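Can you read through this structure? Questions will come right after.
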Amino acid sequence: MAENQFFVDSGKLNEKALANKHRLEQDPSYRTNHMEYMEGMERIESDIMDKVMSHMNDYDPDSYTAVDVRRALSSNRCSIDDFKALLSPAAAPFLEEMAQKAKMATSRHFGNTVYIFTPLYIANYCENYCIYCGFNCYNDINRKKLNYEEIEREMKIISDSGIEEILMLTGESRGASPVEYIGEACKLATKYFRNVGLEIYPVNSDEYRYLHECGADYITVFQETYDSDKYETLHLMGHKRVWPYRFEAQERALMGGMRGVGFSALLGLSNFRKDALASALHVFFLQRKYPHAEFSLSCPRLRPIINNDKINPLDVHEKELCQIICAYRIFMPFVGITVSSREEKHFRDGIIKIAATKVSAGVSTGIGDHDEKYNGEQEVDAGDEQFEIADARSFDEMYNDIAGEGLQPVLNDYVYV
Amino acid sequence: MIKINGTQIDATELPLLAYLEENGYNPKRIAVECNEMIVPKSQYANCILHSGDVVEIVSFVGGG
Amino acid sequence: MNNDTFMLGGKEFHSRFILGSGKYSLELIKAAVENAGAEIITLAVRRTNTKDTENILDYIPDNVTLLPNTSGARDAKEAVRIARMARELGCGDFVKIEIMKDSKYLLPDNYETIKATKILADEGFVVLPYMYPDLNVARELVKAGAAAVMPLASPIGSNKGLATKEFIQILIDEIDVPIIVDAGIGKPSEACAAMEMGAAAIMSNTAIATARDIPAMAGAFKSAIEAGRAAYLAGLGRVLERGASASDPLTGFLRD
């Protein structure tokens, strides 16, 4: 299989930093044990990881046939084995039937509604070397962390555009963006938005409780890949390297009182069928353990980043992505499915008619550039973007496009208690 | 008065084992509860019932 | 020998038929157990009648696990007392919790059942609570330590069949301990249907006790339960759905 070439050397790195970077890339023994919790990382009692991993390890996508796919499509209830069949290559010729079945499941659970939100990046400092990410600590980009006034200014611009739900993001740096900083940002967000979610570095359950008290109610953590051996080769340095602590983030968030949790693998990093299986089962088993919680799945594919425009999702083409999303919907009709601006307009317009229930609009993955992006005002010192987006529609455009398709755009459906 | 399976027995003290034997109970097939506490089989010989005690002697019957 | 077994309280069972022993004569119990192939039989606890010379235990084969119930209990406290007496009778730690506050319909009190389950599970009992099929209650029962959950199919003794089918299916889909369908199963075909749905076992008493030929009906239930289980394991065939039309494709937008 083809592989992405991720390694890029910045001319600005000094000799020592460059040597360290190269050694991390080339010498596995130089890297820390990615299965070992670092100091301060909470350990919880949970059997979820074992359950998910045993299914993923046993899954052989090529062992499924058209007969298995037909059985899965004709059944009223989708078992785990049916789901595995729907994710397999054997299901490719049945994509239209899957879409029809997924559409019925979506409309039964969500009617014809589509939720709109926008992400707000408040800092892009990062302590990790994740080789595919634009924020990685060795990548030469403009770094920025918004102060509280800047955050509030961004929020006001976004809120004025009509958006009511916000997802706040930071680069993964506890040092630059401590929990208290994020907590204060949450408090500000509750002034402007009805619904506040976070996509930040994983924290302990008491910290999730604090952030919940500050007003956040949803936590999204992408596992990137559930193949821990592959993960080790992609996340070479930093706290993010610890795979199990990341895996347990959603459960800690629920223990901390968060209402909802979001999941995903970053498609294109590893075997996407196995990663899609593990992502869904991660939700499936946690839902059984925490039935009161709300669950959502994203389905991001790899995108080009600043200083590396060659990065692509390899064998995960639009058809494969559509198959994954349809399989998610058929397996778990109740789950929210988010399709971000990593995908192009035609794909997002198509997939919201089948299975996606949430889309972003008015997106910037940069730091402090909403005035520029929304109002055309020139900004001098904005922080650079995490990845290149593929759908730059504004909130108004997205709202009208959704309504134009005969669907009902929804800005929030939420109560904080 | 001691109450055994709903019947009042006119006694102030009554050795349990003697009562069970006199009344034809098979100790292997019964359980005894005194004032809502189980009397273990090993204690039958030492157990003296006193006035005011409420005793239930039960066994298995058919049931669904 | 079949390898399709299920576990309760650390014991492995091959038969998925739990036989009730109420409402019929002691002489018929042995034949009924044998024809049913049952490995678990339920019993009740009552004040000892000293006039009886015979005891039901003399009629139950040794290899059968006894499952005393707490019938007669109207709240958790009474159920706990009856369970402790049953254990003192010396036949193991299994108990079926049955708490009925309602003497007209004999419906179980789910809330008291949760309380009793917690207390008895903490005392080391293997607790099988009889309940009205409510998903939230079933989850609480599992959390409280239940070894299995026993939802009713229809009012006890009614022989009305799977009136709560949809809700039992939800329990089967969502609950990780065995779901044993109890009460109201009137016919072998209904026991078979419940097994096809994925129930772990069937508990039946009245349907057998009120049959003209009790041992023969026990045998009929055995066959039906085995057939239903085999069908479940085989994977039911597909039911073709109507209505889905590909005339307006949903996936026409896909590129690359």
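Each chain carries a letter (A, B and C) given by its place in the written order, and its residues are counted from 1.
Criterion: a residue touches a chain if its C-beta (ideal position, glycine included) is under 8 Å from a C-beta of that chain, and two chains touch if they have at least 3 such contacts.
Just so it is clear, the structure is predicted and the values come from calculations on it, not from any experiment.
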Would you identify the chain whose Cα-based centre sits farthest away from the centre of chain B?
A
By count of C-beta pairs in contact, what is the leading chain pair?
B-C
Please tell me the distance, in whole Å, between the geometric centres of chain A and chain B computed from their C-alpha atoms.
68
In whole angstrom, how far does the Cα centroid of chain B sit from the Cα centroid of chain C?
33
Which integer distance in Å separates the CA centroid of chain A from that of chain C?
44
Which residue numbers or ranges of chain C touch two or more of the other chains?
none
Chain B residues touching chain C in their complex are 5-6, 23-26, 28-33, 36, 38, 40-41, 56-64
Contacting residues of chain C [partner chain B, same complex]
20-24, 26, 29, 42-48, 50, 55-57, 66, 68-69, 71, 81, 84-86, 88-91, 156, 183, 203, 205-206, 209
Chain A residues touching chain C - in the complex, by the definition given at the top:
70-71, 74-77, 95-97, 99-101, 103-104, 288, 291, 317-319, 322, 346-347, 349-350, 353-354
Sort out for me which residues of chain C touch chain A in the complex.
139, 173-174, 176, 235, 238-241, 244-246, 249-256
